[in-house]
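The following pair of complexes shares a single chain, chain A, combined with chain B in the former and chain C in the latter.
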Partner chain A sequence: MLKLVTTLAGHDDMVWCVAWNPKGNLLASCGGDHSVRIWSQKGQNGEEANQWTCRAKLSDGHSRTIRWVSWSPCGKKLATASFDTTIIIWKQKNDFDFEIIANLEGHENEVKCTAWSIDGSFLASCSRDRSVWVWDVSEDEEYECSSVLTSHSQDVKHVLWNPHKNILVSSSYDNSIKMYQQDVDDWINTETLESHQSTVWSCDYNPEGTRLISCSDDKTLKLWKEDPEKKNKSSWSCYSTISGFHNRTIYSVKWSKTNNLIATASADNSIHIFKENESSDANEPTLLLLEHKENAHCQDCNCIDWNPVQNNLLASCSDDGTVKIWKFDE
Partner chain B sequence: MSSKFSGIIQINDLDDFIGPGQECVKPVKLEKKPTKKAGLIQIIDETGLQEAPKPKVQKAKISLDDCLACSGCVTSAETVLINQQSTDELFKIIENNKKHIENQKFCHVKKIIVSISPQSRASLAARYNLDLETCTKKLCGFFKNYFNAEFVFDTTFSREFSLIESEREFVERFRKFQSNSSSVKLPILTSSCPGWICYAEKTHGSFILPYISTVKSPQQVMGSLVKDYLCKNIFDMTPDNIYHVSIMPCYDKKLESSRKEFYNEFHQSKDVDCVLSTIEIESLFQKENIDLSSIQDSDLDLPFSLSKNQISVKKELEKQSLLYNHEGGGSGGYLEHVLINSAKVLFDFDLSRDQIVYKQLRNTDFKEVNLEINGEVKLRFALAYGFRNIQNIVQKIKKNNCHYHYIEIMACPSGCLNGGGQIRDESTNSLSKELFEKVENIYYSVKAQILRDNIFVKSLYESDWLNNDEINLKRNLHTTYHEVEKITNGLSIKW
Partner chain C sequence: MEMNDDPFNAISNLNSDSYNSGYKEGVLNGKKLALTQGFKIGIQTSFKIAKDIGNIYGICSLYKIQQAEQSSEKIIKLAQQICDLIDKFDIVNCHDENFEINMNLIKDKFKQFCSLTSLKSVNLKNDSRHLNF
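Up next, the complex of A and B:
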């Protein structure tokens, strides 16, 4: 059962992205009003635990829509991607006070997404300029470009790191997913995953980092796994396509690292929750629908995120300008 | 079709969701012609109608000039370039020449001159397993027999001028900088890479341009030599009577030769008419089934050896090897030449080549070298190749955080020997490490010459062409840059 905990209003425009900090006690959201908002529970117990409040509004950084916000693994920094072509790094001074420590320029057009590597030593970004950038993060907070990857032929929508290794994954308007690894002193494209019929909007790894789920404008989800035997072309291949659940573009998919559940958000205003079918082939498990929340928002659901600690908490955001927090009980 | 331009140009390509033509934001002027009758329908018989004859719509043409003046795509520019600078276009000139000769209209015959870059020679020698000297002789034979080229020049010769001017420019700017002249900016960023220049003008505009060296690239110095010096002093003809072809390791050089700065408005003539990449020469050999090794040898020509005073030239030619090189790497050696010269001129310090020790920074394409005298750092120079390193340099300058005095910048990783127009491995269609090393070894297989030892270069500097006044020097060996205004078109925003 997916139950609404609270609806958070405050953004003056559509909300593009929600992201939990690693401790799971802060939620960041961003959107068309050029701001990031930081939300947290009013208190730990009782009724206050279900009441959420906006603790900070980070503005005066970007001049256009903020498309993405991501927390560093240490939970002290935020990276925001904006249509103003820049990326801003915000550092937490104290509880709800953030200051700008770096402004990363270089992308030609709208920056669509940012992602921190699991050890925090790299930041990846992608843009409508079709490139994926890897930035080195030094200890003294210098950000220098370590690679510009131009493997995609179109707008790159999403970047993601493997949860255990420094492997980077990007999804694009060219219908493909690409993986990259470090090679001597540069990054190289090692895998190209092709099967989607339209834009791939995002993807996520399973907790072990051995399988991948992707979502697309073709209204399907696809499950991918690595076959180390198949070393000639691409060792990753699609083993399952899940269709018929969403009837419009699926924008966001998240694979919970705590309870193995998969949540999706779509332009059809709905949220779906799946789990791997235990009775299916353990090597290629199929998905079982647990929940179909129609009209989760009254407009497109743009992004969804599992709380990394409180494993039944889910956040979503929408073109309708709201952020919602949900509780899921199987 | 995948783009052949260097990565930096492709990154700079703002929007190519749709093919050229549709996406072009340049307004196309169409001449309106009065139509006779509107909506005319002709009845032929009872069974059907025939549409009125369609008025012929003039094809919208976008010139390369339009493309270069626009901050939008380069996809259209590429299409235009392929039409304007190709072996097909060259063969059209050759065919026209034949017709004019048949019709005895000799005044319309264009003199064909080919200038070949040392990087292209090395790449072709590696491809066909020839030593550099043999390969160069075969290529000269090929250009003279198949392209009907009257002369084949080597851009190593014109590079001498680029290097000498770079040395002078640095000394001058550094002295002004030391005397706290606010109008002078350091570091100097080198200018011979057209991909980098195109990117700088389109993306960073007025902020970055004052840092860029004003020295012309070897290709364009050769352009001035051929279309200005030789035309006036040796050939006694106007520049439009010459068709100047250059063979380059880089596709972006086509963009460079098309710049307004290198176009003679009065004679409607480009300093370099047609740039062909090394790859295009290779595909021509393949297409025409040409075996390079069986072609009759011919020698390179020295632009100055065409001088009327043949005897003194011959004497000098005996001393001067036709095939030579410059120290300091496959991209021309700008950093090393400027560093050694500056050490001498500015600090009276004899720096030898083997004293130059590069310190690798973030990656192999980003290195620095300092001039240290008595433990004190006097000059800080760097090499920054490839887009990622250019990015970091530009951002450092922007944040006022760049302590270098001179930076050799090239858009391609590993520099010009790895240029986008160089021949790839047949199987993988990429330039493997092995092939790159082979090209590099061949490139270095001829002796390097010390600047100013070349008597022909010296005498040109003493001639009216360069010596007369500063204006001549500026016009013939230097150039200017201009900011390309960004087009902000609401319709082009996509997410």
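Up next, the complex of A and C:
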């Protein structure tokens, strides 16, 4: 059962993205009001554990909508992607005080997403200008463009790193997913995953980084896996399509790294939670629906994120301007 | 009496005959107009491509000469790589299947060059007038 823990109001416009820090004690949200808000529990025990409060508002960086926020693996930095075409790196000075340490320019149009590699040595960004940029992150906080990749034919909606290797994944309005790897001192497109019938909005790896789930404007989820036997260019293939659960675009999918559950957020205002079917019977569905929360928000659910530490806790955000925290009990 | 000799036949076919001759004339005029328009678009497009590639080549060549001592090895290497790509790029043969791939690769490398050197990339921008999420 999916139980609402709290509703966080404060943003003055739609909320586009939510992201837990690696310790799972801070939640960042961003949106159309050009601000990032940092939320945390008032206390650890009793009544205060269920009360959340806004600890910081970062609003002096971007001049337009902030579309994405992501925490660095060390949990001390935030990367924000904005429609003002820039990426800002914020560094935590103390508990709830952040300062801007870098402003990355180069994208020609709205920046849609940012993602840190697992060791924090690379930052990826993607944009409506169809490009994916890989930035080298040096130890002294220098951010240098390592590669510009224009493999997609339309705007790129989402970027993601493999949880164990420096493999980058991008999803696009051109209905495809692409993978990139470093080749000497450049990055190259190594895989193109095609099966969705419309925009791929996001994707996520399983905890082992061996399989991928993607969600799309075609209202389906697709599961992908690598076939190491295949020697040709595309060794990743779709092995299952899950449809009939959402009746509008699925914007966000997250595969929990702690409990292996899969959560989806959709323009139909709902949140769904699935688990993998462990049966080896090919006639049985690949994913089993555990929870269907209709009207989780009053308007489109834009993003969802599992807490990386506290089992079964997840956050969602919406066009209705709110952030919600949920507890899922199986 | 033959059908063609019938004066009423010419009157009754007047509509379809006029349509046919009008159609032929329309095709000819359309071809002329399309050729003129296509030629103009071709000139505009090729002018823009050649101008962009020329700009990139000029900037990278100059950078290699002028900044060789002050710049990092990485940037000099990148400038050289861009010049090499342009040298190999068959700019005249737009029907080559790799034409767009090669052109985009040069532009991508130049964007990286601009980012590393803090140069503002000019005239390579896409249109961004409508709303998009």
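The criterion applied here is as follows: the second predicted complex is superposed on the first by the 324 of 330 C-alpha atoms of A that agree within 3 Å, B and C clash if a C-alpha of one lies under 4 Å from a C-alpha of the other, contacts with A are read in each partner's own complex, and residues count from 1 in each chain.
Note that a contact is a pair of C-beta atoms (placed from the backbone, for glycine too) under 8 Å apart; a residue touches a chain by one contact, two chains touch by 3 or more.
Because the structure is a prediction, the values reported are computed rather than measured.
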In the superposition on chain A, see if there is space for chain B and chain C together, and answer fit or clash. clash
Could you tell me if A:Q154 is touching chain B, chain C, both of them or neither one (first, second, both, neither)? first
Using the touch definition from the top, say if A:D129 reaches chain B (first), chain C (second), both or neither. both
In the superposed arrangement, does A:K178 touch chain B (first), chain C (second), both or neither? neither
Looking at A:G106 after the superposition, I want to know if it touches chain B, chain C, both of them or none. Which is it: first, second, both, neither? both
Contact-wise, after the overlay, does A:H272 reach chain B, chain C, both or neither (first, second, both, neither)? neither
Once both complexes are aligned on A, which of 9-17, 225-233 or 459-467 in chain B overlaps with chain C? 9-17
Overlap of the chain B and chain C interfaces on chain A comprises residues 67, 105-106, 108-110, 128-129, 131, 144-148, 150, 155, 185
Taking the complex as given, what residues does chain C use to touch chain A? 74, 104, 107-109, 111-112, 114-116, 121, 124-126, 128, 132-133
Per the contact definition, I'd like the list of chain B residues that touch chain A in the complex. 7, 10-15, 17, 203, 362-364, 387-389, 391-392, 395, 398, 413, 493-495
Which bits of chain A are touching chain B when the two form their complex? 67, 83, 105-106, 108-110, 112, 128-129, 131, 136, 144-148, 150, 154-155, 184-186
In the complex with chain C, residue positions of chain A that touch it: 67, 105-106, 108-110, 128-131, 133, 144-150, 155, 185
